[in-house]
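In what comes next, chain A is part of two complexes: it sits with chain B in the first one and with chain C in the second one.
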Partner chain A sequence: MTEPVLSVEHLSVDYLVAAGRFRAVTDVSLSIPPGRVVGIVGETGCGKSTLAQAIPRLIPEPPAKIESGRIVFQGTDLVPVPAHRLPLVRGTGIGMIFQEPLNSLNPAYRVYDQIAEAIQIRHWREQGILPVFRPGPTPFDYSRRPMPGTAEVLSKPIVPGGATAEAAQRRLRTRADYRREVLEYLRLVRINDPETILHLYPHELSGGMRQRIMIAMALSEKPSLLIADEPTSALDVTIQAQVLTLMKELIDEVHASILFISHDLGVIAEMADDLGVMYAGRLVEFGPVEAVFHAPRHPYTKALLRSIPSRYKDDGPLPSIPGSVPSLANPPPGCRFHPRCPIARPVCAQEPAPPLREVGSTPTADAPAHTSACHFAAEVEQLP
Partner chain B sequence: MAAPVIDAPPPVGPVATRPGVRWIPAVRGFYRIMRSNPLSFVGFLLVVAILVLSALVVVDPHAVVPYGASQQTGAYTAPPTLFRWPPGGAHPFGTDGGSLDIYSEVLLALPLDVGIGVLIAGLALILGGALGLVAGFWDRPGTLGGVGSAVILRTTDVFLAFPSLVLGLAIVAALGPGLWQVILAVTITWWPYYVRLVRGEVLAIKHLPYVVAARAAGVGEGRILLRHVLRNVLEPIVVYFTLDIGTILVTFSTIAYVIPQGVPYPPVGAARPEWGSMMSYYYGNALFSQEWWAIVFPALAIFVTALSFSLLGDGLRDVLDPRTRRALAETSTSAAGGTPVGASTASVHPTEGG
Partner chain C sequence: MTADPLVELVGISKEFPLPRTVREWANRRPARAIHAVDRVDLSIAPGETVGLIGESGSGKTTLGWVVARLHPATGGRLRFEGVDVTRLSGGRLRAWRKNVQVVFQDPVGSLDPRLRVWQIVGEPIRAQEHARRAELRRERRRLRRGRPSNAAGAPPSASLPPLPPRLTTAALRRRVAELLPTVGLPGDCLDHYPHQFSGGGRQRLSLARALSVDPKLVVLDEPTSALDVAVQAQILNRLVELQRARGVAFLMITHNVAAVRYVADRVAVMYLGQILEVGPVREVLERPVHPYTKALLAAAPQPDARRRRTRYRIGGDIPTLIDPRPGCRFAPRCPFAQPRCSAADPPLRDAPGAPGHQVACVRAEEVAEISPTTLLQPAPEPVS
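Our next item is the complex of A and B:
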């Protein structure tokens, strides 16, 4: 397998608040190969948003604290990077799409200004006017050189109009140049009449439009990795479908590496290549999306899949998982799922859950292994 | 009562075929908002009148001031009359016992008083605003910013613990009389309010999703503060600034009233009169001379000026907020038969709030 764009190794993130220590993310490892969409699914409060925000180190520290682990982005560990250098990684390195499209655009600026700012950041970094992030042992390049190394990932057909090396070298100085590029990105996210939208303020746009603008902003920086943190959760169903269709088309066009966070199994099944299932701060199962959906090897995943409502099953009430999500301040000993697990045995409460172990399929050139963190992964198949 | 015809198609106006965005000229938009809020429009007109009049008094006093400063030296010309006159006729505000025309004096004081109000409010805004931005944005305990923030805030607490007027008077007493001393004194008492105001706004804004989104886009902290946070705190602050000019004017005049030596009256040489010291001077004299007009008219001038700026401030809030600005501009347009902005794009749903 090729070098992953991002690999998270044994990451633990805690929130240190007056009420105590909340272990939001515990010992999570995953890697995102170039051009692959990795989905993370889990209930509310399972730590998936914390994970998403911890990767570009966006999470406010304090109260959050990265207790241990590494976040290796293009060969550089981001955990020891000092705060003042982090902006260099964000945007052009790791882009982000947020959950709240309604508030994620600055109400004081027009659509043009917001996208142009993102383009300007990328452009200044390409031109060497601003320092850039450089993959490799020395993380940041302050010399006035065009962005090295990342060019390979970046020059994929991510840009409408073609981000060739020459295009990257082209200086965008005039307002007309910026305007043209902003319009290109607005068209990329399928906005009708971009000339009009350009001059509108965020409050004049609908939620779906705003989310498209957010996507345009994130893409206009040509990130090596895009993190989508529940990008459609705040939208109503029809708009959600539109935005998802758009994102799916863009994933193909742009060939981006994406970490896609959602609580919606249907959305994840549609979008992701690989799927990780989180429960109470831990990654309990990881594997190619078909494998996880068709042959789940963790009782939690199985239970989660059973509780998807379907119009074709009408055999009694909707199945749900008994019990409730444990408090992250005081997680249960052993496997965190054992109080709700149908196949739990004494060992589950006494010994910590095993690390993710290979079950079923073996890794191939372009798909990761199917792994599960259950002592009795083999028995999950027999569950109803 | 006839039942309303439900099936009747709604009256269809001319469908706007708009090739591009219709730019609402800033001036027209401003006028529309002002018109929708008549009181602030009155304030706006008054402020414009005051500013024009002040400029005239500075540039060419003889054009507007009937008696008083000579063009060349700024010294006072011969008294127009040897007797004191009540308001009316050639002396709309009357004259004093020393034969000065009160109307001319009030007009001559106008640029000084307005200028002082704007200057002090501006200094306090820049100084207090900058400190407030820094104190609000970098306030994490245990860091350099947290220490700086604590120092700034405790300092403002010290200043805010005193009544501003008393503190101002004490500073003037310490610095000695003089126009600049009074300006300095009021500025020193005034900046902490801006620190508090700006800091509060910054604290409310800096955790909003759009600030986090800007950070995620790779915008540096300094640029986030100056571009994303500052632009959104500007609105309440400019409003407060405008309202404040009136208050500062009153405070300054009060200090000048209590310590008339600060801005002596009658003015000597090229100096200008000041409303507060004018009132102070005539208050001393009027006890014997019954020249009520010599006190009432400068007081009225302070009142009208302060009121004008306050009225304007209310309207400015609407002008500065893009939401109300466009909404109000649109209301007026659609009332005139046009279509709201964005109506030609089916996928745009202008929403309220946001």
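Our next item is the complex of A and C:
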């Protein structure tokens, strides 16, 4: 299996507020291979947005606190990175598409300025004018290698390629260059008549347009990982279908990995290659999307899929999950789903929550294993 | 459909005038208006659920408010049990309000955060009590005036309708406590505040408030759009149970086709202020005739991981409602549009071969057989 773009290992995020400690994300591990779309689905308050914001460390700390775990992005652990170096990761490394485009676009900037700013930062980083994120220098181990010899240093040119090459590379980019590139990205997100859109403010655009601009901004920085946090939840059905269609086409065109977060099972089924199901801060099931949808191996996933209304009134009541989502301030011991679970036994409450264990299919080169965090995963199939 | 509907809308319109601009004033042109609801005919039978689906900006919420007389209609007639209530006002309107109640869209904003549960749910009971006493007092005054003198010697109030005793707080609390279990809330939470409930709990509270005065029609404005699937299933089940037990009619306004499928008996599809298709729920959702209904149904993402890699074909945004041009409202986005579609407003007429199924499309016969899935053209197979 290829090196994953991002791997989250045993991540726990708590919110420390006056009312107590809210365990928003507990012991979540997942990895995103290059070019794959990983979906996370769950109900409100299950910690999926906290996870999305914790990965690029966008989450305000405090009140949030990363208690334990590692977020390994392109081989570097982001958890110990100091706050002042984090902007270097964002944008060109990890891009974000947020839920509410009107709140995430600057209302005082025209569309051109918003996208040009992103492009400019990418160019500056590419040319070395702005620093890019590199893992901190490893302390030099003097015991293993001698210092570089003086003669070696003198024989190398100080600027690689010479001063003229550097100057040619760093030629001034004019406004026309930026304009051309902005238009290119607007066409990429299928905006008709981009020349007019360029000079509009966000409030003059419709919801679908705004979300396209957000996608254009995120893509223009050429991130290697894109985190989409409920990108279509604020949109209408037909507009949502347009944006999803666009995103599906773009997945084939740009080779970014995507972490796609949504509460809408329909949207996730359309978009994701792999699917993780979260419940009360824990990842309860993970696997290829078809396996999770058609052979769920966790009782929560099964119940969630069954509660989608797909029948008429005279066909009988809708199956629903009894009870309500537990408070994250005081989650139930053991498996957090056991108070509402139809196959719960005493062991579910007594023992600590089970880890994700392989069920069914084994991992292949391009698909992860189907895993479930249930003591009785084998029995889930027999549930109605 | 029964002979005497509960509510009948005849050519109902609602326009919101825009402020007259300087240019309009200088050119002596009238101010423009937003035609939120444009000549809508609809009827609701007693005990029936009519689902009103459409995207945001289609005027479905405005129509719901007009039915509940929260907005006065600017044109047309609103009949309730055969009586014209379009021009009702003052005390008569207040007394009439017990017939139609509303569950508002936003469960946070529609509950006063400073009131306790018994005050919130008891408020309509109080208001109706007040309206009834005022009505009785008016009646007594009228009778007293009609009588020339009190010569007979009988006490003056003997033949007058007696005023009922005032509603005490204890009695009100008792009534609220009896009501709460019917919507699935514990009866002992009378002194809680709205913020102590989850989203689903708040929606139940809102529902209890609407049902407190035993209305004949409840307008449900997006009752589940703020809720997750599992909670949505609980609420939808409760709605159907309540309807069976109490015989209340629902006008359910939503963009969620799945929720309407489960709750509704009949469905009306709205687009840009007009009803494009109306009929029994199975007819409309399984054999839609109008191209917009097909587009709407095709756009809803299916929670089925096998039906993937489809591309949605309807482009364009929802046009503006400001002084719309005549002709079919959907014509600019319709894949089957012809010049005659934009000539005049197509009337709502019986769909080919289905009683009670009406559609406003001039090409109904030609497009009836086209399946919604043809609007999802399959993507070319990825070349491996």
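By definition in this document, the second predicted complex is superposed on the first by the 341 of 384 C-alpha atoms of A that agree within 3 Å, B and C clash if a C-alpha of one lies under 4 Å from a C-alpha of the other, contacts with A are read in each partner's own complex, and residues count from 1 in each chain.
Following the convention adopted for this analysis, a contact is a pair of C-beta atoms (placed from the backbone, for glycine too) under 8 Å apart; a residue touches a chain by one contact, two chains touch by 3 or more.
These numbers were taken from a predicted model, which means no experiment stands behind them.
Novice: In the overlay, answer first, second, both or neither for which of chain B and chain C A:Leu265 touches.
Specialist: The second partner, chain C, only.
Novice: With the two complexes superposed on chain A, say which partner A:Leu16 touches: chain B (first), chain C (second), both, or neither.
Specialist: In the superposed model, A:Leu16 contacts neither chain B nor chain C.
Novice: In the superposed arrangement, which partner chain does A:Val79 touch: chain B (first), chain C (second), both, or neither?
Specialist: Touch partners of A:Val79: none, neither chain B nor chain C.
Novice: Applying the touch criterion given at the start, work out whether A:Ala369 contacts chain B, chain C, both or neither, answering first, second, both or neither.
Specialist: After superposing on A, A:Ala369 lies clear of both chain B and chain C.
Novice: After the superposition on A, what does A:Ile121 contact: first (chain B), second (chain C), both or neither?
Specialist: first
Novice: Using the touch definition from the top, say if A:Ala295 reaches chain B (first), chain C (second), both or neither.
Specialist: neither
Novice: Could you look at A:Ile343 and tell me whether it touches chain B, chain C, both or neither (first, second, both, neither)?
Specialist: neither
Novice: Quick check for you: in the superposed arrangement, does A:Met209 touch first (chain B), second (chain C), both or neither?
Specialist: both
Novice: Just which bits of chain A does chain B share with chain C as contact spots?
Specialist: 206, 208-209
Novice: What does chain B use to touch chain A in their complex?
Specialist: Against chain A, chain B makes touches at 18, 20-21, 23, 140, 208-210, 212-221, 227-228, 231-232, 322-323, 326, 341-342, 344-351, 353-354.
Novice: For the complex, which residues does chain A have touching chain C?
Specialist: 43-44, 206, 208-209, 236-242, 244-245, 248-249, 252, 263-270, 289-290, 292-294, 303-305, 307-313, 317-321, 324-325
Novice: Going by the contact rule at the top, pick out the chain C residues touching chain A in the complex.
Specialist: Chain C residues touching chain A: 49, 55-56, 198-201, 228-234, 236-237, 240-241, 255, 257-259, 261-265, 281-282, 295-296, 298-312, 314-315, 317-318, 379, 382.
Novice: Give every residue of chain A touching chain B within the complex, in rising order.
Specialist: So the residues of chain A touching chain B come out as 56, 58, 62, 84, 87-93, 95-96, 98, 100, 102-109, 117-118, 121, 191-193, 195-206, 208-209, 214, 217-218, 221.
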